[in-house]
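You will see chain A twice below: alongside chain B first, and alongside chain C after that.
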Partner chain A sequence: MATEDIKIENKPSFKTAASYFDSKNNGNKKKTWKSLKQIISSEKTLPWPEGTVLYSSINAPPSFRPPEKFSDLSGLPALYTDPATRLRYANKEEYATILDLPMDITAGYLALRGASSIVG
Partner chain B sequence: MKMNETIEFDMVDIKRQRIDNKNHIYGRRYDKPKMKNKSENPEDEFVDESRTVIIDSGAYTIKTELASKNEPMLIPNCIMKAKAERKRLFIGNQIDECRDCSGLFYLLPCERGYITKWEVQKPIWDQVFNKTLCPVNDKHVLMTQPLFNFKNIQDCTDEIFFEEYEISSLYRCNPTDLVALKYGLERGMRRETCLVVDSGYSFTHIVPYINGKKCSNGIRRLQIGGKMLTNHMKDILSYRQYHVMEETYVINQVKEDTCFVSENFQNDLKIASEGASKNHIVRNYILPDFNTIRRGYISDPDRIKDMHENCQVLRLNNERFAVPEILFTPSDIGINSVGIVDCLIDSIKLCPRTYHDALARNIVVVGGNALLPGFKNRLMKELQSRMPAKWVVDITVPEKSTIYAWQGGKSFLKQHGSVEKFVTKKEYDEFGSSGIQRRFNEWKTFQEEESTKEVEMKQISLIDHVNKLNVFSRQEDLVDQVDSIEQKELSQSYVLDGSVTSNKSLSALEEGSTPGLLNLFDDKNAVLTPPPSEKSSEISICSESMSKMKSSQEENLQVKYFFQNEDSEEENPLNLDFI
Partner chain C sequence: MDLLEFKDQKPEPDMFHSYTPLRNSTTPIIIDNGSYQCRVGWATNSEPLFVFKNLVAKLRKERYKKDNVESSQVPLLQVGNDIINIEAVRFQLKSQFDKNIVTHFEAQEQLFDYTFSHLGIDTETIAHPIVLTEAFANPNSSRQYMSELLFECYNVPGISYGIDSLFGRYYTEPEQENALIVSLGHHTCHIIPVLEHRAVFENVRRLNTGGQHIITFLHKILQLKYPAHSTSITLSRAEELLHSICEVTLNYKEELMRWLDSDYYEQNIKKIQLPYANTVTSSLTLEQQKERKKELARRLTEINARKREERLAEDEDKLTQLLHIQEMFEVGVVGEELENALAEFQIKNSNDLQKNIGNLNMRIVKTKMKIKSAKFAEEAEEPPVKQPKTNKMVFETEKDMNEYLQNAKKMVSCCDYYKNFNNFFFSQRQEILNRKTLRKQRKQDMAKRRTAAGQERMRIISQLARKEKGNDDFGLRDEDWDIYKTISKDGGDTDSDAENEKLVALDETIREYEPNELEEVNPGETYQLHVGIERYRAPELLFKPYMSGSSEAGLSEVIAYVLSLFKPSDQLLLAANVIIIGSLSSLRGLKERLLSDLISVRPFQSKVSVTVAKSPGLTAWLGAKKWTEHPEFEKKLLTREMYDEFGPEYFLMQPFSNLYCKTPNGQTIDVEAV
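Then we have the complex of A and B:
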């Protein structure tokens, strides 16, 4: 209700920003909004003077420290990796459960760690 | 015809004045005495607090209220769909009316902190800025925007606020500006030098401020925020205990209630793997059922299942500190990025050397993640172990870290809230959104040349000393930057020959360097251009004195940087130095 109130109150201004947002009146005619990826890539193509600080240039630098290894199941420090599934585990009880896990769950675990590639 | 001509002439004149005043670096000097006169008479110059709304629009909550109030309202910046009431959309604070918050589905207007889904944002703003909650029409609005906000996002914001909500004037700035301002005031600094760490929902920004100005080179963004922590918690809990992938709302509460930042991660892990008797970390969290229990809570270990028979219990062990640990070591979940501590150090190192100490002494952490218990201590501990021993690290975490920026808005209005700063609707109608955006960005942007002066002066005399030893000629490098590529190659061959003579360069120094610099300055229109990186290698190929060079390479880079940024005035003492 509240949103309607405002719309009625506002006189139609010259550029009518409302027409952009009012999906009921406008349908899908003006869907020109870019996603963030598009915005970033379009920003990169602009002729910026050298050394300008942009969105893409302030990213945190990559880490050079090798990541520590944690068990995928419990989050404890993992000393071992199962060669078949590439899952990491901390002790033999966890290994026993790994053996029983179906494929989709092991894949999910790997994706969770961000190691979905085979090399991981 | 005559009328038209005169009007046109006036318009051109006005535009020219505007450009001269705002964009030209020399204009700023003449502005200063004017400003002083104005502040003598603050009453008619400053905006009326009771007619000014401060909006700190974050990706997760919008903090908004009239400037005359003490604390803002926190309104979720999202549209939610509940499973219990399928037909209804809950916009912003309407979620308070929702009885069953299980399986809440979020529509978020922001993508990585930047508003991109306007069809979601608009209804939320409509809800927030309507008559009952926080009306903005015919009011002054001070609004925040994320760092490096994109132009088309700013365009759209202007359009909505001026044309839809009909506000009378608008000012936009970064939340970190306001934080730095408030911090400076609290510490009694007139020109604040501090390092603002804003760890919010979408990302963590680290922004150094030097003498009240934002040092753009030193800004770092860590793509980790509260959203990622909640999502990761959802993931691991879903694999380890219940399937909670759809329970963002509940898990966010779990995170807020139970998570803490471990001060000694390895040690805490060991404790967490112990049995119940030695383990003081494990907690049982009673999940809400939205029937008898409205919000989850940590249960008393002695009285489990005393109070509620059928409640679901979430057992939290190492999850409690492993989740916030992502902020410190993102590589744990496969994000190839340094943690927040390395980011901080990186950011400090990118600033001029004289200010390193001051920055380390004045670190202020705001944002929702700063509320995690232990955050400050951990940061302190890691920073101290990584920084030079004589530096004093001091970290301030405000008690209400989420609304600190909003409160900073209040002090902004008191300090800098002159009417002239705000862009009125009239000006917007005249110049359009892109015309006024410059005015939002000029306050508190980097002016590094001002700050680097002192250090670099010494280094130049050092370089000069090296010059006399015929190692290389700095002046030719300068000429390089101004002149065409041909000359560049020529001078390069000079250097490579190893027959660099300094008599030419000495004369060039006294006479030639100044006009050269001015040219460069005007050409680039006051834009900072760090030297191309090949230059340094070019010089370092110098024939014999490689070992001497190695020590001074770093300074050499900085010196050139300094020359490019320098005003003509500030250069004079430098020349004297050489003579």
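Then we have the complex of A and C:
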């Protein structure tokens, strides 16, 4: 009760409701929040006329060039991959550091490169 | 090389502007609603009145502070520039944006409240038309909610939606018919071809990498490089670094090759000092710790002594009582008094009584002894403490060496001794370290299958496991058992505690006499970030999204792709006028890089030009302002009547807006039944 009073007091004069889109206060309005992904996928399923430009249709194309390999640690061009951690490295000094790296750091580097999934 | 420091700039809270000059007018309000910043101003202003980050921080009401007066003064909802320290509320931050699309209208509403109240509006409704920017190909459902919010909640008279990049072009180059807009945003980048003042919608492409990705990428690599400082490397600091030292390089590969040279590295590395509190050196704290321990021990002994004395008094008291009973026995008192006394001590007969008295006597004697010995111990404990602890680690010749050392320090001529002494320590230290690394190496080799050591181990194990009937004499000799030592993973010996202790002690002595030899760095240096290749690596993400696992093409590749969608004559027109807008375009070297990449994909000697818009972050707002001055503006306003008539997703198209496509089948996404 007390909180409602405060909210009413806080309502700026130019608004019709203190919080129009607050899901808790609006009993009659059912608004389920949708993420962008959901919005896009539901948009895709509709029968749009030919040539309509949708959010999902202007995505950049995939890269046609082979990705270069860079060392995860330094960013230098990497010639080698450590089979144990799957980290890329450029020289033996970096390899020596890789051997000492704790698991969470190696996992962090892999996740940064987007290579943490088992399949990829 | 001078040290850089973080400025950690705090935003200044926006002031509440006065509404008076514009009261009762219909001056449009221009809101450039970007996923990074929101820029707001009246159409009569020459530039936005205020700019704030599109963020809301909803602080949790802490339960224990519920009744506290102070807590009620701190607003639970902080919006935009009211958020003084973003890092403190990082986990409570909310934005209305999901990528570059507004999906979270609760937050949008709070931000609109902030916007309108800071404009000073205090009337019943917002009596001004709104010009609002939105993303390219903004989904109908998002726009529909936006219209609903503005019409139903704020009662605005009219709305005009436009695309920020198109407004930006309108402001920068209104007279140019054709352009290729490269709009670099916080979450996304757009490549928008414009022919004869019209955006070619079907050939627009969006790259889902933006400034925010660069910042998080930089943040992450620095955190992984300096795990010890991961908490002091914050996102806002990464952002600051991006703007202060990051650059786009013309040729990334060549730049990397340059960094292989250690001289180049030394010259170009940027050192950044993290704030740190100068802590007291470790030796002092060690002393203090010892002191504290001693103090604690003393207090404990005191407590024990007091307890003992108390027990002693108690026992003596009991003894006198028992003696009294004994006396009564002896005198031959019979009656209630005796009975009571016996019951109290749970004594059945005189034998029991004797035993009890004996026990008590014994106990008293023991306690007295203990008290005495404790007192002695306390006295005895004092003297050995005076000896310095370092002497514990004694080489037999240490005392002599100490003397040598003193002499050496006084007289340079005695340098030899000193050197010998040092060498002795260093060689010992090195020996231990070598042994340690050797062990580590062996352990690693053993753990892996394909090393010689590992295979040898497997061979021995399989031999041991083989069962041979008959002449098995294993174990007859003691040496047989040593084989188990060789196959254990740490090869029989581990880093023993004794060795570790010795190493620590050696370090200590060396540090004492030769402070410079061990890398005893000044404490500030461990709080420095060395940012080298990262300066170029982070912005390179725009051109190589695969560095963070995205499969999309890079910026230059997408530009080339968009151009390839046109016929050659149009390609010429577009490539001749490439404009970069968006706040990210202030990155150094970006223009040159785009130009060089573009030239490499264009036909020989064809005209290519790349320009960066002036004040690239504000172009969208300024373009929108220019639109309000256009004669068509009034006609292209979406009014409340149209909203009621044509449904919430309807809007009027204008040269800078998205295309209106009615959602098919008459079914609108998520229209609630009233």
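Just so it is clear, the second predicted complex is superposed on the first by the 88 of 120 C-alpha atoms of A that agree within 3 Å, B and C clash if a C-alpha of one lies under 4 Å from a C-alpha of the other, contacts with A are read in each partner's own complex, and residues count from 1 in each chain.
Here is the rule we use: a residue touches a chain if its C-beta (ideal position, glycine included) is under 8 Å from a C-beta of that chain, and two chains touch if they have at least 3 such contacts.
From a predicted model like this one, the values you see are computed outputs, not experimental measurements.
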Next on the checklist: By the touch definition at the top of the document, which applies to A:34: first (chain B), second (chain C), both, or neither?
Outcome noted: both
Checklist entry - With the two structures laid over each other on chain A, which partner does A:47 touch: chain B (first), chain C (second), both, or neither? => result second
Next on the checklist: Quick check for you: in the superposed arrangement, does A:99 touch first (chain B), second (chain C), both or neither?
Outcome noted: second
Checklist entry - Given the touch rule stated above, what does A:109 touch, chain B (first), chain C (second), both, or neither? => result both
Checklist entry - Counting only touches as set out at the top, which of chain B and chain C does A:55 meet: first, second, both, neither? => result both
Item to check | Shared contact residues on chain A - chain B and chain C | outcome: 13-17, 20-21, 23, 33-36, 39-40, 43, 49, 51-55, 58-63, 65, 67-68, 70, 73-77, 105, 108-109, 112-115
Checklist entry - Which part of chain A faces chain B closely enough to touch in the complex? => result 2-3, 5-7, 10, 13-18, 20-21, 23, 33-36, 39-40, 43, 49-55, 58-63, 65-68, 70, 73-77, 90, 105, 108-109, 112-115, 120
Checklist outcome for this item: Counting only contacts in the complex, chain C reaches chain A at residues 98-99, 101, 103-106, 108-109, 113, 116-117, 121-126, 135-142, 149, 152-155, 201-202, 204-208, 217, 220-221, 223-225, 227, 253, 256, 259-260, 444, 448, 533-534, 537, 544-554, 557-558, 561, 659, 661, 663-665, 667, 669-670, 672, 674
Checklist entry - Which residues of chain B touch chain A in their complex? => result 91, 111-112, 114, 116-119, 122-123, 126-127, 129-132, 147-148, 150, 152-153, 156, 159-160, 163-166, 216-217, 219-223, 235-236, 239-240, 266, 269, 272-273, 317-319, 322, 329-339, 342-343, 346, 524, 527-530, 532
Checklist entry - Within the complex, which stretch of chain A touches chain C? => result 12-17, 19-23, 28-36, 39-40, 42-43, 46-49, 51-55, 57-65, 67-68, 70, 73-77, 84, 99, 105, 108-109, 112-115
